[in-house]
Each structure stands twice: as structure tokens, then as C-alpha cells.
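So, here's a batch of structures to check.
Presented sequentially are two complexes of subunit A, the first with subunit B as partner and the second with subunit C.
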Partner chain A sequence: MPVLVPETLEEACAALAARPGATLLAGGTDLMVGINAGRTRPDDVVMVGRLAELRGWVRDGDHVVLGAGVTYTECMAEPLASLSPVLAQAARSVGSPQIRNAGTLGGNLGTASPAGDGVTALVALGGTVRVRSTEGERDLDLATFVTGPRRTERRPDELIVSVRVPVADGPQEFLKLGTRNAMVIAVASVALVVEPGAVRLAMGSVGPGPVRATEAEAFAASVVDWTTGTAAAGAADEFGALAAAASRPIDDHRSSAAYRRRAIEILAKRAFLRSFSS
Partner chain B sequence: MSTVTGRRDRRGVGTGAARPDGIPKVTGEFAYSSDLWEAGMLWGATLRSPHPSARIISIDTTAAVAMPGVRAVLTADDVPGRPTYGLEVPDQPVFASDVVRYVGEPIAAVAADHYDIARRAAAAIVVTYDVLDPLLDPEASLTAEPLHPDGNVFRHMVIRHGDPDAVGDPAAGDIVVEGTYEVGMQDQAPLGTESGLAKPTADGGVELRIGTQWLHVDRDQIAASLDLDPDLVQVELAGVGGAFGAREDVSLQIHLCLLAKRTGRPVKMIYGREESFLGHVHRHPARMWFRHTAKADGTLVKVEAKLLFDGGAYCSSSPAVLANATCFAGGPYKIPNAVVEGSAVRTNNPPCGAMRGFGSVQVCFGHEGQMDKLAAALGMDPVELRLKNALAPGDRLITGQRLDGAAPVAALIEAVAASPLPGEVDGPMGLPGGPGRTTQAGDVRRGVALAVGFKNLMFSEGYDDSAAAKIRLFDGVATVSTACAEVGQGFVTLVHQIVHEVLGDDIEVVLNTASTTDVGSAGSTSASRQTWMSGGAVKLAADDIKAQVDLDPDRAEYLADVVHQHTPTTPLDENGQGEPHVSFTFACHRAVVDVDPELGVLRLVDLVTSQEVGKILNPVQLLGQLEGGAAQGAGLALMEEIVLEGGHIKNPSFTDYLIPTSFDLPELRVAAIIEEPEPHLGAPFGAKGVGEAPTISSGAAVIAAIRAATGLELPRVPVRPSDIALSPDRTP
Partner chain C sequence: MNYKLSVNGTDHTVESTWEGESLLYVLRERLGLPGAKGACEQGECGSCSVLLDGDLVCSCLVLAAAAEGRDVRTVEAVAGPEGLSDVQQAFLDAGAVQCGFCTPGLIVAVHDLLERHPQPDDLTMREELAGNLCRCTGYGRIMEAVRMAADRRAASA
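So, the complex of A and B:
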């Protein structure tokens, strides 16, 4: 299989335009596993992992713009980790050090696995994702970018350039549950992002993509005393129950739907308790 | 651990001599069987059954044969000799021809110019099946229509010891506890997948380089199926990437040799990870019922057990695994009366066979669960109950065999029980969930428990077990030949140490590559037997050389050629009585777990062990076995399971077949290593094998600690988070 290694973003877009549907290779932590297992055999591969334009991040006022090639390891490092704690926490929960050195935020978003950790955190953060093709750039809403399991709004001729997310302005929590204490795919995860007057909760591995728990979010916004950052005792239980009700888990060899629903209830409750004292 | 640094001032036994293959393995220079290469070699691939049970209507290889680059496509019709193979009973077809009995059963093999061509050609073979309902329940297998001409029962056996009709006396305060336990299917999960390279030889034979555990038994099975004289089949050991029992059975050996003979060219095969899960046997899943009767003071009166082991589609080593399970079902305790009934049966699940601990691992979950239940029923401390009943030298086992060697069971338990308990964990990364941040200190409950186990060393029940070795001493160089398979256990280090110990530090020791051509069988690298058997053979050969040198120090060359056999054993009689085992090994573990009951996630906080070892030959390698064995045993309690659905393996990858990471295992602490030189002849310097004992009781200790933390019965391992979080018996 031919692997194209463009040296600039423009060359990469041109390569994609010439081969629409080519498979993008960034850190390779997902693609190479599929190839080695014989599940995937792409006809064309365009490697974007070395593109300088996709590397690094910048602060832009009350937002952070992260290149698609930013690795999990980079997400965990200060000062970025303090600007986006939920992303740093999600990044720390991924794989081993070697995987975190290779895997990228753009790759996680583009792969759009229902169990993706970075993508769940990004959906909770909200903001935009920038995609680019030879026809130009588009900014898409992160909250609706993932349309289904391994499906996104990215067109086959586009590649993800960056994401733009708000700088933390309140508590953030990422909790991920697996059947081993490290190097494990999420059985269930929650990403909680609090901003003054608003709460966003995204849940991983309990739907075709990250699932937003909108009722739980509205409940939290209404029940929290925003002047003190506190909530009444018992509010966390209700928040957890609403989150579980919004989850749409399935049974598979990793877990049962019933257990995933319970896990969401507990994880959401704990994320709430850690964010708001009673 | 401070007690095992060892001496490095000399090169003999007892020193922490470094592995000769250690640095190459760490730096990536070591050649594993997957690295084999020959000019002009072809690649092999295997077509496997997608069904757990089906009749084969037709096999059409036309499209595969016609593919450019394909050099051979073989099916059952192309096997010139015995169409089947098997370690104990040749009941497994080299290629299925009329029926398939499990998902992954080989049907055809292809050799082609390129690996991808071989794989695609295998996929292009058209097999028409009449799909049948699979028989997946071992219970149902006992009465179902036979899946195979040999029937569905691989072995049924009963041990009746003492008074089989003995009953407790409730009036005197005797206590009876019953329990049912279940063990899931564990995989050996060696990091190196099955791989090898075969090439035809000028004399009409074939030469195979392969990662295996027993060169000669591979040779004999290849020779039978290729209809060749065994001398025309040369098997040489290639670098082995772990074994743990997975390489005892034939996997690709016969296929490779058939392809090489057919094409006249070297052929290499390497299984991918998924194919590896399909291509080797697993640890038997088990369902076990126990009833223990004890006096009010805790003295055991009787143990009754019924064991059902699912052997999967073919026999492999099921009869021997079952024998171990029944013989050791009571645990290392004085048991005056026992009735233990065991069955290993055929189903359409994946075949099961050898894995580290070999039957003892499964029953340890049962007998230790029972001892804890009994202690609770008696209101007695579980450690005290075990000490009260602990086996001691001179005691009889439930087979009637008398313990004539070391049996420091009480000392092992006392050492572990006396080890200090750990404090609270340090920081959030040490809590259940680790980097997943699921759990805070207030969410956990701690549990502590201890378990003890034992098993036999070497082959049992009258098996004619031997190992050969040769040494040539010439010009200060001792060249050692043995067919012992080094699978990672460190035999290559021990050979140097043993020869140095006998012949002195000044000579040079060279170990030839293990092969069937220069020396007789070493027997299998399994059953904790090679330190004693091949190590013993090397020591006997070195002793022979030393005697020759002492007699006539002026010769240029000295030769020794020995075959070492252990003390003979006997078969079991119809009541399961006899002298079936040579020797035994004992170990004890105590586990401390923190459980988050709301989520069912947990963390093994501390694991401490003690073991009886005969004599320490290399303390660093000993510690390696204690750590690795404890990890593998704990893994079975915590997470390691092949998930089956309708006979299909749902998790054939290391993404989903989970083995413990450094976040799941604490550093193993060693409370005691007890050295009591093995009295039986041939054990080199009194040493015995140490590789399996650490696997037996670590998992039983872990699950017991989880029970202690949660108050739940948890009769099944591995325990799943949902077993705890969703248990109706859980108290908030």
C-alpha cells in the first residue's frame, strides 16, 4: 500500500484531493493495530504525523487552539494542563507512555471511536474544530462533529487542522472506568466541564459517539448556587441518575449495558461531588 | 527484596549469575523464532474453521491454487502418514476433513511467495459446511451424542481415601460447609506468537526450527504424520517468546513440515495475535463443588469434591490435568477421609491443555475458598484453621502417598501471616482505577486474605520420565548438549552454574543449541521438571567428567553421556490410590486489596509470598519465577479470561484479553524462601523446580481478599466489576 508523506499542509490537502477517501495516518495507534490484525487494508495512506503546521498549541484570549498533531503527552504537560484540565486528565488515562507519545488529539477526534477519551473530553469542552481541504477551511461545532461510530462531519478530502476550546473557567473532571487500572479501553467515562452558570457532561462508551447528558446539565445549572459553587446534598445523586438515564449503552464482550449504566451513574455523581461541595 | 541478590564472586550454584541471553533480549538482538529467515523461503498460512461444529461438505482449492505466487495448497488428503496428532491421544486431525469441532480448527495450509499472498490464498479456499448446533456446555457433554469417535469423556476418575462413608457428628459440634466455584478460561498469553521455519533435507527428510517446549515429542508427531523415520526429522529450538504450556501441543509444526516437503523449499510461518489465540490450547475452565466436614476445633474430618473440567474439542493433556486437579483438590492439608470425583469432557469450545499450575490452580480456588468458609462457620481465624490442618512431612495425601520430602506448610503460612501489613496507599494513582481517576480514598474498603497451594513436580502416574545430557571437556572447554527447551525459565544460566560448580570456575562452558540431532530427549519443559531433570542430567554428566579427570588428569578429551530418570511412580488404582508423584512443591500468598464496591473496581495493594524450593541455584532467577508466577495467578483472579460466545473467542487480542500491568500488581514481597534439600536422587544439589508453585495460590489469595473487603460470596474467577457493583447482596 502506498504511503504518501507530504511535507506541508498544502501538500497534504493536495494529496487528499487526488485520493479522496485515503486513510490518514497520524500517530498510528489505531490504524496500525487494525492493519496488524488484518482488519484494515487501506489502498492509500496519507501520513500527516510529521506536518509542522499541525504541531503545538497557542492561547488565543479565553481559548486555546490545539494543533491536530498535539500528542496526549503534550496535553498532560504544563501550562496546557492547567488551561484545559479535562483534556490533561483524559490524556493521562490513555494507554502507556509510548502510546501517549504517539497518539494525537486530531487522530482521536478523526477516528471518533465511541470509546475515545480525547474526543469525549473535547465534546464536553465544546468549541470548534477546523478542517481544511484544497477548497479552503471550515470551522465546525465540536459538539456535533461526531455523527456516529467512527463517523464525523469531516469530508474525505479534508483533514483536521486544529481544535479551539475554551480555557478552563471552573472545575473540570474526567473519570474513566476500565477493567484494568491502566492501558485499557473505557467501559464508561464521563467528562464534566463547569463554567459560570453552566455545566456540560459528555459520556464515553455508552452510545454511538460521545453522549451529552443535557437533562443532567440543565439540572446541575439550576441546582448549583453559582455564587458559592455549592449544591444541596443529594443533588449529586440526582445528577448521576439523570446522566445514567441519558446513556445508551450496549452489551458487548467488554461489559454489560446494565453495568455501564451503573458506572455512568456513579462516575457522574462523583464528578459532580468533586466539582461542587455541599 | 534483599535476600536474593546472591553472590557474584564465583560462578557456581547459589550465585546470581546473569542470563547469557539477558542482554541480547533486552537490547532486541536476541533472535526469536519469528526472526527466522532463509534465502528463497516461502510463507505459510492456515485456513481455519469459522464454526464451532459443522460437517464439511466440500473443500474447493481451485481459486487458491490458481493465484500467482501460490506454491502449495494442502488439505487432509495431502497428509501421507497418521492423519491425527495429540500429546496423550492422537485424536486431533492435522487438517479437518469431515467435521470441524471448534472455531479455529485448521482445514488447509498454503505456501506462497509472500505472506499476504498466502493469507489471501487461504481465504480463497471455498469450504461448504453443514453447520451444526455446537455442544458448549460441559455438563451436557456427559450425556450428549459423542462429538468424536473417542467419545466425550477424556477422563473420569474417583479418589476414595480413608472412610468414604464418613460423616460428621452434628451432636459433637461438627461443621459442614458446601461451596461451588467456577474458573474461567485463562490463556498463557506468551508475547511471542507461534512461529517456525521448515526446510527439506537432502536425505528426504525435513528440518524444523521452532519455538517449542519439547523437541522430541514434536519430532515424533511430525514423523508420524509425514510417514518418515524419526531420524529424518530434525527439530532444533529457535528463540522462544514465552510458553507457559501453550507450546506443549503441536500447532504449526506438522503444517510447516508438510509444506516444506511439498514445495522443496524453506517455508516460514508466523501466527498473528488473533491466530495465536486460536492456535494453542488454554487453561481448562472448571466448575467445582466441595463439601468440607470438620470438628468443632477445626480438625478436618472429610473433603468431598466433584470437578468438571471443559477440555474443549480435543484431548491434549486433559487426562493429566484432571489427575492433578483431583489429587490436589483438598489442598495441602491433613485429610483423613476424602471422596473426589473428576471429569474432563469434550465440547465444541477451544481445546484446553497445559498451563502453568496444571490443574492445581483451578482447585486451589476451591479448597481455599472452602477453608475460609469453614473458618467463618467455626468462628475461627482462617490462618489458625490452616495451621491446624497443615500437611507435614510423613503425612499421607488423599492418594495414600506418604510425603517423604519437605512439606513446611505451617512455616510457609506463618511467615506470610507474620509479614507486616501495608498502610494506606500513597496518592491517587495507587487507588482503584489509577489514572482513570474513578476512585478516592473514601470510596474504598480493604480486604486481606491468605491462601496456600501445592502440586507435584515432574510427570506422574508411572510415566517413564527421563532427560539426557552430554558433556565433552576438551582444552578447558566443557561443551554441553541437551535437548532441554529454554523457554525463558533460565535453564541456560543454570547449565553454566551447575558445570562450574562441579568442574570449577576456570573452565569455559559452552551450551549447544537444543536439537534432536545430538542428544536424546530432555522431556518437556513443563511440570516444573527441567531444573531437576535436565539440570540433574547435566550435573550427573559433569560428575562423570570430574571422576574421569580425577582418575586420569592427562587426557586431552573427556566425554560423558547420561540419561537421568527420576524415582519411578505408580499409576492410580480404581480408588485413586497409589504413589503417583515423585515430589511436591508448596507456596503461600497473602493479598491485600482495596475495593471500590460501588464501581466494582479494585487495586491489589500488596502481595507477599513464601515458598519451599529445595535449594536456591540462582536467587535472581528464583525471584523472577516468584514474581511472574504470582502475576499470572493474580491475573486469573483479576481479569484474565477468554470470553466465549457460541464457541467463538470474543477477545483474541491484547486490547481485550487483559493481563495485569504495573498498575495492577504491587511489587511482590517475599516473606520466606525455605530451603530443604530434596532427598530424592537426581535433584541437582537438592534443588527442585520453582516455576509453577507461585501461580497456584496467588489468585486464590486475591479473590479471598476481595471477598473479605466486600462481604460477597464471589464464587467465580476472574471477578468482574459487575459481579461486585451489581451484586444484590452488596451492602451500601
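So, the complex of A and C:
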């Protein structure tokens, strides 16, 4: 299990080109759990979490570009938290301080767990993800980047460089249900992003990847009075019901499908009520 | 594979090991630093907490071979030449140590907490220490120790 610690992004891409399919290591919060338990024995590991080119974030007009190595703790800190509240709220719900100091946005996106909190928020935000190999860079749609459980459009010779998401231009909410406040993997989660005239709702832990509730989104867009940011009483109930109908949960060791569907109904309703007064 | 680790300001060469070893394992089994405790090995319990480049992390989730060039600080470096640190003393004075297994991780975590929040309220304490499990105390004495250490620092400042 050779461990490579490249010092530059270019070196990292070259290392991946030489060993396509090598396991990428960022914060270690997923990979090391598997290694410690003896479930994972990677052939090659390329450490990318500390690459300077992947650290930090910049504002680019009405977007924010976040390096793949940005940690959850960094997502929670101002001024980034105000530029992307849904990401900050999702980050705050992850693990513990120890986990949030280590885990990265790029790692969460690349791992593409159906229960991932960062990835659910990113899908609601929309925007693009930049991947890079020795052949160059590609910008892919965040909404379709995750193709299934732990599967993405990233090729084995590519690494995630950054994500580019819109700066908040309306209410945003991330709500998550688990067995306790800290250290919990989502039983169900919702990420709601409101922009003038548009609503996006992504749901976590209720499908093979983040699930968009497109009918609920269209309903919200039509029912909200966009000049006042209000909605008729009862609209939230319908929004929650449409979200639940769009979820595709399964029974597993963490919860039942029926409980998850009901949880989504309530979380989506609550997110709607927090975003639009009646 | 050989690699170097900087732990508590001292450079160590780790020789001929399996590359999948966690920092926790290397600290305890190869470098003779058993302060960080191994329990869940999946980042849930915090008993292996260390500072990595100044950030509080679970050493069980750090691949040791990938930590070359980074600054590792363990609980062994907390006490100074003149004795226990203020947080360690407060843990003793408040009765926050029972079986002691979680104590090293909590000592590291509380030092980190007080660096960032010199006068934490109860909610801040609970949130900041949510990654450190204690099965003896019910956390009451631990929170008392945090208050004691914070108050003593404020009084001596």
C-alpha cells in the first residue's frame, strides 16, 4: 500500500495518471475507518487533502469557489458561512469538532455517500465541480455529478479541484434527523435553497444519492408571492407531501423507509416555514 | 516504508512499517507515546484526540505515513516542566477523572476549546466536546473542570 504525498496539484495528477484507480486520501474520516476495521486495503494511496491549490476559497462575483480541501470547520466560519448558509449549516451538523477539522468538502463529494451532508447541500446549491487530470480540467454539473451510491462522474485518473456555487440570494436551510445532535449519520436530511423566483430542494439518505424534489420545487415557485417572500398557510404541508413523494428511501440498519419518508415530509415542511412566512 | 514524523517538537523516523497504520497506532506502538487512547478506531469517541498542525483531530483517522512534515502534539506535551497544566489540575480538582480512559483526549480537547473560547458557556462546551465520550462522569464534573480552568485563567490574566 504505497502512500504518496505529492506537494503540488500537478504532481498529484501525475501520480494518479501513473496509478489510475489509486485511492485518494483527503481528510481520512471515511477511508481510515475502513482501513482500521480491515475492510479496506487500498493498493495505492495518493494524499491530496493538504495540497495548497485545493485549500481555501475565493469569491468570484456572484459565486464562491471552494477548494476541494476546504474543511467543514472552514465552511462554518464567517464570512463564508454568510455567503453559503446551507453549506455552513450542513457542515455544522457533521460529526464532531475533530471530524469537522479533518473532513473536506471534496472528500465528501468524491465519497458520494447517500448520507453525505455536504454533498446534499451542494446539490441543492447547484453549480459546477472542477475535476483535473494530466489531460486537463473539466467542469461538471454538480446536480448530476453523483451517479449512484459512492459513484460519481469523476474518472479514476481525475481528482476534484473545487466546486463553484452561487452566493446566497435568499433563504437557505439544512435540516437533518439523526439519533442525537452530534456524531450522527443522517437518517434523513433536506437542503433548501431559495433564489428569487426559484426553490431547490435536495434530500439526503433517501435515495442512491442526493434526490431533488422537482415537483415540490415547482409547486413552491408557483405558490410563493415573490414580491413579499410569503406563502399561503397550508402551502408548507403540500410542499412537505410532495417532497416525501419524491423520496426513494429504503429500509436499512439506520431506519425504515416509512420513517424516512415521514421525516422528509416534516423536515421539508419545516424548511419551507423557516424560509417563507405566511 | 520509512517516513518521518514530528511529534511534540521531536523528529522521529518510523521504519519498516505497514503503510496503512494510523497515527494513533504509530504513536502508541512505535513511538512509545501511549497517552492517546485507542477505543472506537472510527472517530466516534475522541479518546485519541491530538493536535495536527494546531487542529484538534482523531489520530485514529490520520494515516501516519501521510502526516510527514506535519506538526503532531499529543497529551504528553501538555504538562510543562513545572508540573500539570491548568486544565489537568482543574480536572483533578473538580473530580472530572474517574476511570481515566477518556481523560487524555478530553485534556487535549479542552485546551483547544479554551484557546478558541476563553469563557465558554454551557452550550458551547457541550458542542465543542461532543466528540469526546465519557461513560463515567455524566459530563457534569468535566464541565465543572472547564469552568474552573477558564475562571482561573481569567483571574490570573
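Of note:
We take it that the second predicted complex is superposed on the first by the 278 of 278 C-alpha atoms of A that agree within 3 Å, B and C clash if a C-alpha of one lies under 4 Å from a C-alpha of the other, contacts with A are read in each partner's own complex, and residues count from 1 in each chain.
Everything below uses one rule, namely that contacts are C-beta pairs under 8 Å (C-beta built on N, C-alpha and C of every residue); 3 or more make two chains touch, one makes a residue touch a chain.
None of these values were measured; they are calculated from a predicted model.
Legend: residue contacts after superposition of the two complexes on their common chain; A:Leu267 is shown touching subunit B, with no touch to subunit C.
Legend: residue contacts after superposition of the two complexes on their common chain; A:Ser93 is shown touching subunit B, with no touch to subunit C. Of the two partner chains placed by the overlay, subunit B and subunit C both lie in contact with A:Asn36. Of the two partner chains placed by superposition, subunit B and subunit C are both touched by A:Ala182. Of the two partner chains, neither subunit B nor subunit C is touched by A:Ala232. In the superposed model, A:Ala258 lies in contact with subunit B only, and not with subunit C. Once chain A of one complex is fitted onto chain A of the other, the partner contacts of A:Met47 are limited to subunit C, with no touch recorded for subunit B. Of the two partner chains placed by superposition, A:Val58 touches none, neither subunit B nor subunit C. 33, 36-37, 181-183 are the residues of subunit A that lie in the contact sets of both subunit B and subunit C, per the superposition on chain A. Listed in rising order, the residues of subunit A touching subunit B in the complex are 33, 36-38, 89, 92-93, 173-187, 189, 253-256, 258-259, 262-263, 266-267, 270, 274. By the touch rule above, subunit B contacts subunit A in their complex via residues 119, 272-274, 432-438, 440, 443, 598-601, 603, 638-639, 643, 645, 650-651, 653, 655-656, 658, 660-664, 720-722, 725-726.
Residue ranges on subunit C touching subunit A, taken from their complex, read 1, 18-20, 22, 41-44, 46, 49, 52, 55-58, 60-63, 65-66, 68-70, 109, 112, 127-128, 130-132.
Those residues of subunit A that touch subunit C in the shared complex are 1-3, 5, 25, 27-29, 31-33, 35-37, 41-42, 45, 47, 50, 73, 95-99, 101-102, 181-183.
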